[in-house]
Each structure stands twice: as structure tokens, then as C-alpha cells.
Amino acid sequence: MKYIEEFREQGLARNIAANIAAEVDPGREYRLMEFCGGHTHAIFRYGVQDLMPGNVGFIHGPGCPVCVLPMARIDLAIRLLREENVILCIYADLLRVPASGRQSLMKVKAEGADVRMVYSTQDALKIARENPGREVVFFAIGFETTTPPTAVAIRQARAENLGNFSVFCNHVLTPAAMTGLLDAPRAAGEEPVQIDGFLGPSHVSSIIGSRPYEFVPERYGKPVVIAGFEPLDVMQATLMLIRQLNEGRCEVENEYTRVVSREGNRKACDLVEQVFEVREQFEWRGLGHIAHSALRIRPEYADLDAERRFAALADADALIAADNKACECPSILRGAKKPVDCKLFGNGCTPETPMGSCMVSSEGACAAYWSYGRFRQDAQAASA
Amino acid sequence: MTSVEKRFPGRLPIRDGKVDMSHGSGGRASAQLIEELFLRHLDNDLLRRGDDSAQFGVPAGRMVMSTDCHVISPLFFPGGDIGALAVHGTLNDVAMSGATPLYLAAGFILEEGFPLADLERIVAGMAAAATAAGVPVVTGDTKVVEKGKGDGVFITTTGIGMVPPGVEIAGDRARPGDAILVSGTIGDHGVAIMSSRENLEFDTTITSDSAALHTLVAQVLGAAPDIHCLRDPTRGGLATTLNELARQSRVGMRIRESGIPVRGAVKSACELLGLDPLYVANEGKLVCICPAPQAAAALAAMRAHPLGGEAAVIGEVVEDPHHFVQMETTFGGQRIVDWLAGEQLPRIC
Amino acid sequence: MCLAIPGEILSIDSDADTAVVAVGEVSKSVSLALVGEVAVGDYVLVHVGYALERLDPAEAEKTLALFAEMGGQAEAAP
Amino acid sequence: MTSVEKRFPGRLPIRDGKVDMSHGSGGRASAQLIEELFLRHLDNDLLRRGDDSAQFGVPAGRMVMSTDCHVISPLFFPGGDIGALAVHGTLNDVAMSGATPLYLAAGFILEEGFPLADLERIVAGMAAAATAAGVPVVTGDTKVVEKGKGDGVFITTTGIGMVPPGVEIAGDRARPGDAILVSGTIGDHGVAIMSSRENLEFDTTITSDSAALHTLVAQVLGAAPDIHCLRDPTRGGLATTLNELARQSRVGMRIRESGIPVRGAVKSACELLGLDPLYVANEGKLVCICPAPQAAAALAAMRAHPLGGEAAVIGEVVEDPHHFVQMETTFGGQRIVDWLAGEQLPRIC
Amino acid sequence: MKYIEEFREQGLARNIAANIAAEVDPGREYRLMEFCGGHTHAIFRYGVQDLMPGNVGFIHGPGCPVCVLPMARIDLAIRLLREENVILCIYADLLRVPASGRQSLMKVKAEGADVRMVYSTQDALKIARENPGREVVFFAIGFETTTPPTAVAIRQARAENLGNFSVFCNHVLTPAAMTGLLDAPRAAGEEPVQIDGFLGPSHVSSIIGSRPYEFVPERYGKPVVIAGFEPLDVMQATLMLIRQLNEGRCEVENEYTRVVSREGNRKACDLVEQVFEVREQFEWRGLGHIAHSALRIRPEYADLDAERRFAALADADALIAADNKACECPSILRGAKKPVDCKLFGNGCTPETPMGSCMVSSEGACAAYWSYGRFRQDAQAASA
Amino acid sequence: MCLAIPGEILSIDSDADTAVVAVGEVSKSVSLALVGEVAVGDYVLVHVGYALERLDPAEAEKTLALFAEMGGQAEAAP
């Protein structure tokens, strides 16, 4: 597969690893946060950590839309199913995310709620067309990457006069999350997390470009390298960060130039701009309420906005759901803890029985650690 | 004495008729369905008797019995249908003990409204698979459930067979040092099924690998009689099967990603949908675990069989109190290959 | 996050604003609503049934060339 | 080597949990369901091995194999549940060839959302029936279908058994002059089921006759070794079974209504609903056809068995090119007892 | 079972048979029509014909509401299911009645139409309560016996304000049918059917009493004996008819005095009167359009009348469906032919594959003949 | 037509206007909406879940007596 397999090539990996090994300063630690779950996944899936010197460590960031979705939003979707008897269209990633009271969309589906898994917003529109007598709601989640397809669907529903379709919007904004992340420890009164630099979002940046991250070096003094999701991309971006740190540079660089430009995809951004507006604030799991960090549907499309359309969502903003107290997702999403620091990890919380959202998405730090990395933990424990 | 009985008032309307509740009532409509559709395709001396059981001679020895329910969607897919699959799925479970399959039983649960024409295609598919395998369906049952209480057709097949003397195959016999082989490319069936699911539709040349493996097993046993484990990596794919065997045998496994045969199109489809071929279902492949010294002979025997041309040694059994299946990635790293959590579903992230 | 994958445009249906895109040995119809002008033979990044953005082959080559730069070659030899 | 593996992260929530799609995925949730629910109740050495088939020794001889799908509603009824019924239904089909049943296989098709507590009751019912019958469930399969694509639980069981030397029982062996016996009252099961259906609810002391008949069969064969036909009059009732046997043997039958044992409550329920007990299902009764000279011995043997106390001779086989089953009514008239047309449903006229 | 088994007693049957044998005039034929399917059923089920002298013959009448329902009414119900997506509640008797184009409610149900079998009108109300989002229609059929329970349901729905319930009314009137029957041959230009007397309706009369039949002896000169549905009732009533004929009497007598009075059940009749009114005319299968022979829902209950409520039934009265031409049901229902006179009898038309309605209901003459009487036909054929 | 069957009233629920009626050895709740005053011990004719009409035991006796009248007794003897 062109533009995929070349970026997973073992010989090149050894070469980049050699470059990194040659260039790292053995006298210091490099604590690099990979912002996206896609990076986390590549690191674990391919064993990238094994190719790194001991003083280069990855901190897993909050860049997984499933992991950062607050439980209250799933609770609201369940309410919508139970009280309004809608057909709820979801991306399959949402199916197992824990809601309050040990519920999940999978469980309410098993009890008879009409939850349909879709691959694309086009499928949701199709379901609406095929069920004119039912209300069909698309549960929109995702970062800037996944938002434009939702915008297309909303405009298409309007054009087709599809009266039974609406969208429960949960799209969030990554630059705001970075702000939240960098401000959070201070806000929470915690020790600031030691992050030396960021591997910046890959596919998000294909839409918004690299420019929106420039505030990170400017305001927070941390270098950013936009990195693709293939393992060689991650390694090369790591090398680029190490070089910035070694050279005392602090800027936004772009490793993923084959897709990402500084400006991004104007057509997609314009579409998003027409349909959505920025919310005052929105809750992120682990990061709390972050100002201007999410999108809502513009008043011009109010009829397509499930939050305005259904009584069950009337107090959507007000609903707060308390996460399992022992779950360390919040700290993990902030990079302050590792999955193994959680008492529940493997001890009640596994991918089959996730207690926190980081265990659900295969891009979540806990799930990635569980599925690919456990033997390391045991090896460490054994050797300790 | 000549019979003047007129069996049925008209012919079963196979071309445009539908299954209705009377076909499951046990009355004359049931009898007609069995005679004009099931028997016509699956015909053999034992089934034709029309008793509630089949009777046949067996030699003294070790018998195996296995049953599988088939509840797939879609019912027809590139490379097969639920009828053929129901034959292969159960024959393979019988064959995985090293046995020679003898007979099959088939139970059909039909949903009211199911087109008789589709049912006939499925029964024809089953008959063709049974004939090709040389294992007849000798007894069966048909029930009809109300519309909305089934999903077209469910088929439960049960098979029996005899294990040749000296063969000792079981899931708990893997030993550290044993070699792990697969008989060919993985993920073909699951990808073929997904490619024909509504909403996912993509184009690919991949067809299901659905096939009966008992002749392959016999050939391998001829070359390497001391096989420890055989299992067909169906639901949950290769990863699940290896984890099952590791748990049953209380061992660990180490496999090499580069050694696992996967078709290009399967790799492509998995990339597109965010799936891992290790967890995708197969219906005509087996995992074989044998003492390392016999691995070469087993591999050669597989490769000499039409269903094993792409067989490969993919790893070895190791000691491991965690019963982990670990894999060396093509990238040179190490990862765990864990049990499947939930279903494999196309993801956005 | 954001599972997206590069695919080659095999054909374009301008009326439907869709294209058939090949990812390795499989192909799938995707929406072109989010991208500007594309042509058969272009590579695009596919996400949830949409082409998100064009992929620039020249940049891809450059990046691969970067990976191959042998700063640490002494230790990289097997 | 000691295992440090933690098998499952928590216990299966049997008390308030529900079946979900992951229980059918073949992954760890499936394994847990099997281990903590199925195995706990059905436990035996063969099933516990956890292979995809069961292995056991058999002697040389004539084997019978039978399969039945169970799709009843309601799942729990006076006198039983679908689990016990799935054991009895198949054991009886095996026993109707005169065979001693040996082993059972069970395939479960579960509907998403089905309460685990109900599933446990059903599996416990199955285990109790299998234990009482002395025939273990040695292999099985479980699949889960989406909500709305099943109906709680469907169970397909398959049984095998061995026919004692000299016994020759088949549906085509009825001969003019043979006596026709039933082993007890008819219609109990069907009436028990109907009494617990929503909308029909009526009060009655009738419980299902669901029972395993193989020991009764053995006792009858001991007394009357030349039995020609045995069949359990399940779906479609006595009338359908007699018609089937008449057709298979190409004979007619004459029965006497006054000789057919029917409980008062079954008669009453049938009057109320407009049904005919001759067409109502039984799950613990058999029809026996034997040479007239052996009828008395067969009858005595039945009556000596706990399940045959109300056995009766109900008629005889006759020549008839139409293969009619005719009945002398209690009123002194003659009527045909035809096949059942469609389902037996409560009527207004 | 008290009041049931005594009326089936074999010794008494022989006694009545002996009385009949002793009293019949061997020099004449007694051609008696049992009006009701209930009588037909008893005659065949118990072999009553076997106990009769050769010159006493039964002609099977049209007294089975399933048999006389014109095909168009089933077609309308199917239209209602397909076009209006209703839940249609039916008595199970209707399930297999042939509609146009080889359809039946069973077949459209198999294709997904929501047809529910009910035992009582109370079940239909319950279904309406449990499915507030769906239109629930009760397909009401039956003679005067079955009409009062429909009236109760309609009044109850009104009282409960059950807005999603309505009734598709097909209730018909037996006295009008007798008129139609006695007039029909003349109207059709056929030879008048030779009927010497009638076994009159049993349970119908429990509601309307015996008085409504008095026009039959008065206007048509045929004696009527109201007869219960047990075999001894049928035999005794036969004896009573024979006596009237022998004695030259011609009146309405009542054998079924344990239930039927001359006046009937006033309470039930009043309820029916409140809810229903007589239609100008209605089609009866076999008898054609008969004036004042059926009921419709009164305008006061228009909202509960499916014919007024659904566009699919707007032209209900106009719809005519052509029966299978070879089917002799019309002549059989008029008593002009016997089932064996039909070329299709057993030859395509059986209870499993009914081509006419007389083969569907177990009270239909063809079904009764098939299920209980065929061997007689063969015996006759063999001896001929 | 009109399958209806006599049953004995076992108990009455005046509020619901229903009665439990025994038909032989089974019993069922039926509506009393169509009949006037009835009492426990009365027999009623049951049809589609409703009591249609009371059954008069004295008339039943008379009818049975009619059946037994031996006009044709000579031939009736077995």
C-alpha cells in the first residue's frame, strides 16, 4: 500500500533509531508528549519505545475524542434513546464507553434501544431517509478531522429537507485542549507536568493546518512537531523534537508535510465555519471545563440541533456525571500519571470491562498499554 | 399395495413463495418443505427414511462430536453462503481432533417471510459442500419463528467422526518448544463478509476461505503423527485461537508478524476499516502446534495440499505464567496479542 | 485519533461529487465534498467515507529521504 | 508451572446482567460466559476440556443421531423450561429408534439483552434434565444475535445413542394388523404451554409432560422385542404422528376415540379454545406400533414404568391405499383424523 | 364438563336415532339445511350422518362468518396494513382466508405486516394501550354472537379516550342472510334449492332470541328449529323438524331452550344498538349483495370507525374482488352444491392451501368434508 | 359458527365487571359486560372472553329428558 508501508519499514526505523541514539544528550531526560491517540497507538502497536534510548520517554496525551468525552454526554444520549425513542447513529467507537451507573450504549442497545452503528455521516442520512416516521439523531464526536463530514451532513439534510434528522454535537477543538492541558496543573493546584515538547496532531492538522499550534512555543515555550501516524513519522518527529531541544530551538515544525500545510484545508474549514460556532466552554474528561474548546450548531441550523430539538437534552450543559473515583483517566489524560499507576488497571478495568474511557478506545493510553504493553510491566516487575 | 394418496395439493412455490408459520407446524406443509426442498438437495439413503433420527453402523473406537450455530449476516457472501459454511464450520471442528468426519445433522431456524428461493440456494450450498466433503447430512430439523424473532436463517450443524488410533490432539497439549504453524493466509473470510455488508461496501477480489479441512488434516497427520494441537481460527481470528490454546495448555506463545501469511487485499481492507487481521475470522484455515522436530514435515504436508499452499511456521510455544501471546512486529518491536475485546467493528479512531 | 488512510483516486463521479479510491487492493466510494479539484491518480487521505485532503507525493519523497539520512549510521549497521 | 494469569476481570453479573454482543464474539467475554454459567451447571469431564469437540469411546454397532431446534414461547412453563425440553426432545428422538442415548451436544442462540439470570435458570434446567437422564452434554456452542433478530433463547440439541442388537424400529415398519399404543395422556405439554401464554391465560393444574423416555423404551423392548415403530407425538400431536407413520409405512390406521387417554383438564382447555387434543403437542409420550400378539406385553411394560401408567391400546393398523387415519368417535360415528393444517390456534368459530 | 358431555352421550344418540328411524316417512326425502357451521362441524366431527336414515340429508348452510366474508374485505385489511402501517388485530380464524392475488393475512404477515392474533376484543384494547405511537385496528367479524364484544370494546375505547384504536367492522346479520339465501336462486335465475326446513342458529339466537326467524315459516313456508351445537342437539332438532314436516306444521321451534329465549339478551342487543346501525347493503360471499344484512359503526363513533379514519379504506364499499372462478363456494353456501362437486376440492384446494373460504374455517363445509368426511366419498366411489 | 361453551361462575369481581368461570377443570377470567345479574354457581355461555348469556339448568334437564324419550325404543336396543 503506497504511502503506508514505506512509512513502516524496519530498516529505516533502525536508521532513525540510530540517529536518535547518536544525537540524544545522555545527560538529560526527554519527556515528549504525543498529543494524539494515533501516535500512542503507533508507539505501542509497533513497539517504538523499544527503539528509543532510555532517556527518551513518551507521555500519552489527550488526543482521543472518545477518551475526552465526558460521561455526561453519553448519559444524555441514553436519555435521548429512552425518553425520545430516537434512532441514534454512532461511530462504533462509542459503543462501549462507560456511562453513569455502569451503563453504556451497548448495554442500552441490548435492552432494546435503537442504536445503529454507522461508518459515515452519509449512512446516518440514509437511515433518516429510510425511516421517515422516526427521529434519527447522529451522535457527532471527534476533533477537527471528523467535524467537516458532520458539517456536510447537516447541510445536506437542510438541502433535502430531511425533517427527521438532527445532530447531537460533541465536536471539540484540539488547540484549546492544549491550552487546557498546559494550564490544568496550575489550575488544579498540581505540580506542573514536565513536558519538554509535543508531537503535534496529524490528521487534525490536515484540516486546520499547523498554524493554530504556534501559540504553544510562543506562549508556553514548548516545541511542537506535527507528526504523521505511521511509526517512522513518530520516530522522525521525535528526532526533530530532540534536535530542537538540543539546539535550544522552540518552534512549530512539520514532519507530516505530505498532507499538512501551514494553512490547512480551507474548503473544509469554511464548511465547518458555516455550520458551527464555538461554545463558551465545554467539559473535557480529565481536563475539566475548557473555554472555547468545542463547537455547537449555529442558530441558523437550530432545527437540526438535537440539543435544541429534544426536551431530553434541554439541560445538556448543566448535566455533570461523576467518574469512577478510582479511575485515573483525568491524570493520565493530563500526562501526570501512567496507566499502571491506576489501581483498577487490569484489576476490574480491562478492554472487556472498561471503567474509564481510556480503556475503551484502542487509542486510549490504558487500552494501548493493556493490549500491547503489559508484558513490559511484568518484565519490569520480574526484574525488580 | 399401491398408494392412491395424493401427497401434496400443489408444488411448493419455490420461485416466489415465502416461509410461513405452517412450514414449521409439523403438519403437511412441513412435510412438503422437507420433501420438495431439503430432501431434493441433500438426498441420501439415511435422510430419505424420514424418521426422527438417522441410523448407521460405527466401528469401535474414539468418536468426536461437535456442534456449531451459524448466525451470519449477510447469508450470501463472496465465496460462499451460510449453508456451505454450516457444513465447513462443523466438519472443521470435528477434523481439529484429527478425526475423519462421518455424518452431519442440521437444524434450521427459519424466519417467517424468508424467500423459499433463498432457502433453496442455501440448502443447495449445503448439499454441494457436504458432497464435496464426502460427509452426508443424515438427519435434521426445521422450525419457523415469527417475523422479527429471527434473522432469515440460523443453521446449527452437528458432526461426528472417528479418531484414528494413535492420534492425540487436544487444546491442552501445547508444550514449550513446540512449533506453531498456520495453514494459509488469515482474515479472508471476515473481510469477504464485511465487504458485502451494507454501509461498509468496498470492492475487493477477496473471497471467503470457507472449506472443509479434514483431508488436509489427514495429510498432515500422515507426515507428522505427533501433532499436539489443531484448531480452526474462526470467530476472533488467529489471535483468539492462540490465546485459547495458551490458556488451555498453560503456556505462552511467541509469534513473528512477518511470518504470518496475509493477503494484500486483506491488509488493505483492515487498514481502511481500522481492523487487525489477527482478529478477523477464518473458515478454512487451521493452527497446528507440533513438536519442533516435526514442524518441517507438517509444513511440507500442508503445502502439498490444495488448501495449504501458503502454510507457514509462525512462531513457537514458550513458558509463560501469564499465558501471553507475544508478537515480534514487522517493525522489530514486541507487542502482546491479546484476546479480542468485544466485536471487531470499523472505527474512526 | 482520526483513522485516516491514503488512497489513490481511480475514477470520479462529478455529479455525485464522489470518487472511487483504491487503498492497496481494495477500493471504496468516498465523498469529495471536502476537497477542491482532484484528478484521477491523485492520492487523498480517506476518513469516515470522505476524502479529507490531497497527499503531496513530492513531500512524501522528501520525508522518506529524511528518514534515510544516515547521521547515526555507525550504530545502525546490523 | 504455576499460572499467574487472572482469567477474568470480574465475575459474570448473573443476577442483573444481560447478554450482550461481546458474549458471542468468541473473545474473553464468551469464554467467561461458558466457564461461569454453562460449565458451572453442565460440568462433566468431556465438556470441561474446552476443545471445539468432545471425544469419547464407542463400541462397534448401530448408532443413531438426531437433532432438534427448540424455539418455544414462553421459555418457562408449568412443568419445565426450554432447557429441560431441549434435552428431552432430542433424547426422545434418539430413544424412538430403540437406542440407548449416550451423549448430547447443545447450541445456544441468544438474543442480545436476554437476562443472564434467565439463561442460568435454563441452563440449570438443562443440566437437571441431562443428569436425571444420565446423558451428559459434552460439547456446545453459543452465539449472540442482535436484539430483534432472535427471541430470547433458541436451543438446538443433537443426541447420539446405540441401538441394541436385534432391535429394528423404523417409521416404515407398521403392518396391517399391528396394534397401536400410546404411553399415556395426550395434549398435556401443549395445554401447559398455552395456559402460560400472554392473552390466553387460563388456570389449570396441567403441567407439561416433558420427560426422557429412553428407560420406558428399554423396558418395553425388554417385554416386546419386535416393536415395529416408535415415535414421540410432539409438534402436531398424536394425529400428525399417526399420519406420518401411515404415510411412511403405506398403510391406514383405525383408532378409537374412547381409548385415547386425555386428562379432563386438557379436554376442558381444548373445549375452551376450540382445539382438538389429537393435534396438541406432547413431550413425554410415545406412540408404539407392534405386532398384535405383543401388544399386551408392551402395554403391561409401559404401565409398569412411572412414565407409562396411563398407557393404552388405541387402535390397529389396516390396509388403506389412501393412508387415512380413521377414528371411531365416542359418539359412535367415523371420522378422518387428518394432518394438521397450519398451526393450532384458538378460534372463535 | 357439565352441560357439554351429557349432550354428546352415545346411548342417547342411539335413542334419538331410533326415534328418527321410527318416525321418518320412507316415501319421502328430508332435505334439511343446518344454517350454522357449528352444526356442520358437529355433524362431521361426530359422524351424525352415519346415524341418519338414507332419506334424511343435511345441506350445509352459510352460517360461518369466515366463509361468507367477501374477499374484498380481506384485500382492504391488507391495504390497511401496507398503506397505513397499522397493527391489525384479528381472530386467528382470519389468518388463512384467501385474498386476491393468492394473498392472505398470513402471507402479508410473513412479509412483515404487523398482524396480531387476539382471543378477545379486550386483547386488542390492551395492544392499543401498549402501543400509543401506533394505530391499532381491530378487524371485527362475526354474526350477532360476536358483535356485542366489539360494541363493548368501542364504548370502552371511547370512555378511555384511546385515540389510536379503531374497528374495521364486518359484522353481519343472520336473518338477512336467510332471506338472501331463500331469494338468491330466484334472483340468480337458478333452480330454487330444495330445502324442507332449517336447523336454526344456536349461539346467535342466545343474543337475538328466536323471534327474528319467525318470518321464515311465515313468508317462505319453511319450518325452523333452533338447535344447539352439540351432536344430540342437532339430532333432536332434526327429529323435531321431521315431526313438523310429517305433521304438516310450519313454525319456529326451539330445541336449545337452556340458552335461547324468544326475546334474547336485551342488554347485549341494546349495547349493539347504541354502537352500530344497519348498512344499506353488504356483500356476502356466495349470496351477493344483501340489503340490510350487515352493521356499520354509528356516526357518533365515527372516530373509532376504521372505514372513516383511513384513506386506504375510503372506497371500501366500492371494492369488488373476483373469487377464483372454479371455486364453488357460492353454490355451496347457497346449498346448491356439495364440496365434492367442486373440481378443485382436494385438487389444489385443501385446508393447507385453501382456494375458497369454505376450506379455511373448520366450520366451512369444504373443510369439514375434507377433514372428517373424505373416506365416505372414497367408500362411495369404491362401491360405485 | 360461534364457538361458545358453558362454564360455572366461581367468583365475581364487581368492580372489574368480570368473573372467574370454570369450564371443566380449567378456569378463566371473562367479562360480564353483556349479562345482567349473575351469581356464583350460575352457568354462563362463554365466547371470546365474554359471558354471553346465562344457561338455564332446568331447561337443560328438560332437553336431556326429551333425548331420552323412547319413541323408537324397539330398534334402539343393541
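Labels A, B, C, D, E and F are assigned to the chains in the order they are written; within every chain, residues are numbered from 1.
Following the convention adopted for this analysis, a residue touches a chain if its C-beta (ideal position, glycine included) is under 8 Å from a C-beta of that chain, and two chains touch if they have at least 3 such contacts.
These numbers were taken from a predicted model, which means no experiment stands behind them.
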Next item on the list: Identify the chains in contact with subunit B as well as subunit C, in label order.
Entry: A
Next item on the list: With chain centres defined as mean CA positions, report which chain is farthest from subunit A.
Entry: F
Margin query: Given that subunit B and subunit D are copies and touch, would you call their interface same or different according to whether over half of its residue numbers are shared?
Written below: same
Margin query: What pair of chains is linked by the largest number of C-beta pairs in contact?
Written below: B-D
Note to self: Using only Cα atoms to place each chain's centre, name the chain farthest from subunit D.
What the structure shows: C
Note to self: How many angstrom lie between the centres of subunit E and subunit F, each centre taken as the mean Cα position?
What the structure shows: 22
Checklist line | Whole-Å gap between the CA centroids of subunit D and subunit E | finding: 38
Item checked: Centre-of-Cα separation between subunit D and subunit A, whole angstrom -> 55
Notebook entry, point to check: Can you list the residues of subunit F that touch 2 or more other chains?
Noted result: 1-3, 5, 23-24, 47-48
Notebook entry, point to check: What positions in subunit A touch 2 or more of the other chains?
Noted result: 1, 4, 14, 37-38, 64-66, 91, 106, 119-120, 123, 142, 146, 350, 352, 361, 363
Notebook entry, point to check: Which positions in subunit D touch two or more other chains at once?
Noted result: 21-22, 27-29, 148, 264, 267-268, 271, 322, 339, 341-342, 347-349
Notebook entry, point to check: Between which chains does touch occur?
Noted result: A-B, A-C, A-D, B-C, B-D, B-E, D-E, D-F, E-F
Item checked: subunit F residues touching subunit D - in the complex, by the definition given at the top -> 1-3, 5, 7, 20, 23-29, 46-48
Notebook entry, point to check: In the complex of these two chains, what residues of subunit D are touching subunit F?
Noted result: 195, 201-206, 263-265, 267-269, 271-272, 274, 347-349
Notebook entry, point to check: Any idea which subunit D residues touch subunit B in the complex?
Noted result: 1-5, 7, 21-22, 24-31, 49-71, 93-94, 96-97, 99, 103, 105-109, 138-143, 145-146, 148-151, 154, 156, 158, 160, 163, 170-172, 231-232, 234-236, 240, 244, 247-248, 250-251, 319, 321-323, 339-343
Margin query: List the residues on subunit B that touch subunit A in their complex, please.
Written below: 199-200, 264, 267-268, 271, 273, 322, 324, 326, 329-336, 338-339, 341-342, 345-349
Check: Along subunit A, where are the residues that touch subunit D in the complex?
Finding: 106-107, 109-112, 346-350, 352-353
